[in-house]
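Below you'll find the structure, written out as structure tokens, and then a few comments.
Chain lettering (A, B, C and D) follows the sequence in which the chains are written, and residue indices restart at 1 in each chain.
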Amino acid sequence: MEDIKKLARELLADNKVQLVLGFENGTANRVRPAFFTTPEAVDKLIYNEFCIQNIALYLKKDICQHAASLAITANPNVVRSILQLAAENQIKEEKIKIIGITHEGKCVGLLDFKAAEEFSKTQPKGLKDEDKALIEKIQAMSLEEKFDYWVEAFSPCIKCYACRASCPMCYCGKCNVESNNPQWIPVAPHKYGNMEWHMMRAMHLAGRCINCGECNRSCPVDIPLNILSYMLSDFVLEEFESEAGLSAVFTPALSSYTMVDKENFIK
Amino acid sequence: MEIINKLIDKSALATLIERFTKSGKEVFAPVKSKGISEFARVETIQDIDFETIATKQSAKSLVFPKVEKILSYEKTFDDVIVNNVDYTQFPEVIAFGNRPCDAAGFIPLDAIFAGELVDEIFKARLEKLTVISISCKKADDYCFCTSVNGGPGNTTGSDILLTETTADEYFVEIVTEKGKAILDANTDLFKDTAAIDKTPFLAKLEQQFTQEVINEKLNGIFESDIWDKQAMRCVGCGACAFVCPACGCFDIQDETKGKNGVRHRCWDSCGFKIFTLHTSGHNPREKQAQRWRQRIYHKFSYQPEQQKLFGCVGCGRCSRACPSDMNIAEHLKEIAVL
Amino acid sequence: MARIGVFICHCGENISATVDCPKVSEVAAKFPGVAFSTDYKYMCSDPGQSLVVNAIKEHKLTGIVVSACSPRMHEPTFRRACAEGGLNPYQCEMANIREHCSWVHEKGDKTDQKAIDIVRMMVEKVKRNNALLPIKVPVTKTALVIGGGVAGIQAALDIANAGHKVIMVERDPSIGGHMSQLSETFPTLDCSQCILTPRMVEVAQNPNIKLYTYAEIESVEGFVGNFNVKIRKKAKSVDETLCNGCGMCTTKCPNKKNPNEFELGMGNRPAIYVPFPQAVPNIPVIDKTQCTYYKNGKCKICEKVCQPKAIRFDQEDEIIEVAVGAIALCTGFDIKKTDFFPEYGYGKYKDIIDGLQFERLASASGPTSGEIRRPSDGQVPKKIVFVACAGSRDPAKGIEYCSKICCMYTAKHAILYKHKVHDGQAYIFYMDIRAAGKNYDEFTRRAIEEDQAQYIRGRVSRIYERDGKLIVVGADTLMNAQTVEIEADMVVLATAGVANKGAEELAQKLHVSYDQHKFFSEAHPKLKPVETNTAGIYLAGACQSPKDIPESVAAASGVAGKIACLFANSELTREPLIAMVDRQAPPMYSSCTGCFLCQPVCPYNAIEREEVKDRNGNLVRELAFINPGLCQGCGTCVAVCKSKSIDIEGYTNLQMYAEVDALLNS
Amino acid sequence: MSEFEPKIVAFVCNWCTYAGADLTGTSRIKYATNVRIVRFPCTGRIDYMLLTKAFASGADGIIVSGCHPNDCHYTSGNFHARRRWMVFKKLCDFMGIDTRRIVFSWVSAAEGVKWADIVNTTVEEVRKLGPYESYHKLSTQDILA
């Protein structure tokens, strides 16, 4: 942690960045995202195993948009997010300094995009065993069971959109659910509105999701919606050999095609 | 009404709940499922989670559900036939085992929906609701009811308040006529007692500030940079508003299937960018900081001014639900010492 | 408020025999928003159209649904009628109750119901139609022809003769391309130079054509009708305006032993050179990599002998910017070197040559003045082996496609050989003889029957040298795959035709698509064979795929015709059924987030980046912008856009949504 | 009691399948009346949200059809569509949305017979499956009371 702090302090002291994005202690034993603008403030910066929130999402927020340059304490999920955001023209390399941190919490120093790409490849995706188990459990269900499972799983959804707000890849200024001419997705958080909302979101993230699981963590009613994206990421990797978050120059699977894509399902 | 003091033991309480359900009343109480405690329909006392300090969501959905059908309509060739919801048919509902802060939340909601203009649907739901709260033995780092004129044993908003005094017995305070009606129908289950000092049985929660001080401070800090600072890590979701027992903002949505349609009232949040977005593209609350400021001003300045009450009950749900740990009590304390 | 008119056509009995047209009309009259509904025998007839026109006026209709045949048939007709009635032509929709209903179903309630549903669907759609104006794009009536081979020459001359300006850019010092290297041409055996040279001169002399040789395309921007092209004119070290082409410099240049590219290394040329005697323009260039002065700083003999004082050692590359309305890609092909066939020994044995080298040997202006002499010792080969498909149709080691021209030129080579070496014998190893074409089969028959070329159906496995002879080992598949060994004096490999050097790079500069072999792709294999997917850019000749001369010329004339059509008007008018990205007033600007994930899905490169700047010139946002001149209206971007910021006229989200809703929720 | 008549919606591209269906008409080949065709410029234009919308609106089956690979009028719309369908189908399968009710096909402008065949087999398959009650119920329970 000290090396992370030292880096952050130096970057601010040397005026290399205006802002460092990281974590500090929060309520009780929680940690929380924090924004450091002076070397002295960095005293409060922490990094530990609880710092799993994907703070790359702040890169699309005002504070980061207005900063001329910034640094971010970046675990592998954050690094993947940054690369994917760069691939989607949402962040420029010259603006951001990545303080790379491994899954184990080891600081690997500053990463430019090229180094970040290498780093990403060495850090496995954050898929947990329980997530895998749930995917398998659902896949083993019958059609009706699956449908009922998801209708029930989504029914507590209150459409607070914490999933969307916490997702670095959900940066649209106007979300699909907000377009009302036509009203593609019912706004009301009833079962149908919830089903279509989560289905649409899964499709929009297909091939772009970096599998940080933040949507699930932020959900106040604990819907396992991350596994939709996990499942589709696996599928996209398997079918199209395409994986998000590994390169800053990347065309996501659903913006490309090959002549040999499968069509055994087409009559 | 003067408060009537009684005692009830746990087996009698179980019987009471049984009687409610048998008489066709719907009983909603905290139920723990997959590690999360939420209000849910219960049949017996065994279903109820008495331990969790606060359910994730508040009890407000009993009177202000996340989706409320307010009317339906049918288009004909040259007309539209509107059918209002028959709110006289709403069921009798008992909220049981909620915390005093939950009960207190119904007061500001009532002020929003049944103040100058009366929302008949809300009113009907509230009238059919009887609130039987349980005092808090414990508090956590998010609780701050004592700073907003509430308390672990506060009776505001409750029809009946239960305070656990021994392992087997609750001290009962019958607060309202609705509460008395329950007592009258079930006198066999209650025992007489003199008033009891509840303090030893309640959670200890230090007062951090007063809402009056916040109200006063807000007069001069509308343009302060504190809003930017506090809202910096806000992700802009609506979790805080949706779990809040006192937040009453809503959106009206029409949904159609061919010539049939319904009008829904759904929860909405002032934290959303689209909440105040004008058709022109102009947004009076363009920045998240402005939206955060609105949340605080609404609860601690506008509501006191217009409705003579505060819009926060100190339950701390918003802070617990916040994905980026925005702690409202902490922020209010900062304002109080400005 | 919508006032829709519904017109149900009986189509004689084509519709009315199956669908109860009066009933459909009656039901449609009760659809919300329908102000008028009727049925008629022939809606497309003059009285039928008048009925539509009058109804629009009389009932103040805001849109019409003509319920009749397929829109692919009569949509233009009724759009015109719609316009005649005073409405925007795009306020018209057709409900297809003939092809999709009356002709495919039996008479009955279900069929009537289907017709009613189709009409309802289109009523709901047309309510949401927007009034559209045709898109006008100005056209710069100058064409750029890239490549000065026979295709480029043909295209340039045709366009110029149609009265339009042409700019031709050729990479080499002279135009002429591969055809200028050929000896004689199949199937007529007329001399290549004799038919090509006059056309080359015509190019140079045509006042409508501006020729840049020794020049390459630096960059291309813009779109159909409005391209801005930067041309890099490489320094020739010679002032073209002064040079009179006397040839003193090339004669006096002391540095003469440089491999001659035009002769494919079978001869030498000086460091200052004209590629071949008939070159157009007849202006020499100095090869800076070989010139003694450029290498050592001494010599300058050419400068001394040049009477008009045209030598310019300090000349630099020049960038010329031109505005053109259309581009013809005629960059031709190259032949695959046979390095990947080490067993054929090309490069190892001097007397194994490729087909193009044989052309030079057989050419009267070639290194041997048209006599067939082998490169190693100048002897006349008495036994010669031609290997067809050297690399072609060989997915394992070469390329999988057929190079198309080799069968024919190999037959020609055999004939030419026999004509020049009367006592010689030609053997041809082949896989199949592909001689489809006018007089082509006759030509190969002639090689076999008149000129005794011996065709052996089989592949050559190995060529090696033994006692001064080239031993060609192959199989004869018509003789039970028996091994054949021929002691040859010379071997000619008909190597595969491949995409030209730099094709990929050029395609990327022009944003045209290319296939896996780097040949440029046509817009449609059947119906748009000379168009590329980028509007305003066309292709002709072997840059698309291996082609012979008549095909290249035909394609070039096709391109010229296309370009002449484009230049026929000063504005290009296009159907406005195209996609658009949402735009709003500041501070929103657009719901587009600038992710540009739509960009790679556009087959026409129509999606551009637009920068939104504030008053101080600072970049605020980057937004997608769809160039209306390029969009062809497929709508793939619409479905890809996550924020629903793109919509497409004619098939808007609102329209499609309403159609689905109307179909099912009745 | 009359037999269940499935409601089938077909989303087709203008250049191949729509024209193919026109050819079915000109060839006077008869097929089931259950299908309603919605014309798109290209399969690339077809938004998957429209498929769920169709189910929500009461469709029992959906046909999505366009040009064969390499035949796309716009060269690549069908390739993009194919990929999108693969992913969408995978998601539907995972979420218990009945993809037996979605038929993807390539029908060229020359395949009038194939179009009739696709419609007829789809109608019969969906007839066997019955009405798509689970999705209809989901989409209407909070709207139609």
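In this text, a residue touches a chain if its C-beta (ideal position, glycine included) is under 8 Å from a C-beta of that chain, and two chains touch if they have at least 3 such contacts.
Source: prediction; values computed, not measured.
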{"item": "Joint neighbours of subunit D and subunit C, given as chain labels", "value": "A, B"}
{"item": "Pair of chains joined by more contacts [C-beta pairs], B-C or A-D", "value": "A-D"}
{"item": "Most distant chain from subunit C by Cα centroid", "value": "B"}
{"item": "Centre distance in Å when subunit A and subunit D are each reduced to the mean of their C-alpha atoms", "value": "34"}
{"item": "CA centroid of subunit B to CA centroid of subunit C, Å", "value": "70"}
{"item": "Gap in Å, rounded to a whole number, between the CA centres of subunit D and subunit B", "value": "47"}
{"item": "Centroid spacing, where centroids are CA-atom means, of subunit A and subunit B in whole angstrom", "value": "32"}
{"item": "Residues of subunit B touching at least two other chains", "value": "67, 255-257, 264"}
{"item": "For subunit D, residues that touch 2 or more chains besides their own", "value": "48, 53, 57, 70, 76, 80, 84, 139-140, 142-143"}
{"item": "Shared interface positions of subunit A, touching two or more other chains", "value": "174, 184, 188, 190, 193, 254, 256"}
{"item": "Touch-based graph of the chains, sorted into line, ring, star, complete or other", "value": "complete"}
{"item": "In the complex, subunit C residues that touch subunit A", "value": "588, 591, 593-601, 622, 640, 642-645, 653-654, 657-658"}
{"item": "Residue ranges of subunit D in contact with subunit C within the complex", "value": "5, 7, 9, 14, 18-19, 21-26, 28-31, 33, 36-42, 44-48, 50, 53-54, 57-59, 70, 73-77, 80-81, 84, 116"}
{"item": "Residues of subunit B that touch subunit C when the two form their complex", "value": "75, 77, 256-259, 280-283, 286"}
{"item": "Contact footprint of subunit D on subunit C as seen in their complex", "value": "70-72, 96, 98-100, 103-106, 108, 110-111, 113-114, 117-118, 121, 513, 521, 523-525, 533, 577, 601, 603-604, 632-636, 638-640, 648, 650-651, 653, 656-657, 659-661, 663-665"}
{"item": "Subunit A residues within the subunit B interface of the complex", "value": "26-28, 30-35, 53, 57-58, 61-63, 156, 158-162, 164-166, 174, 178, 183, 186-190, 193, 214, 217-218, 220-222"}
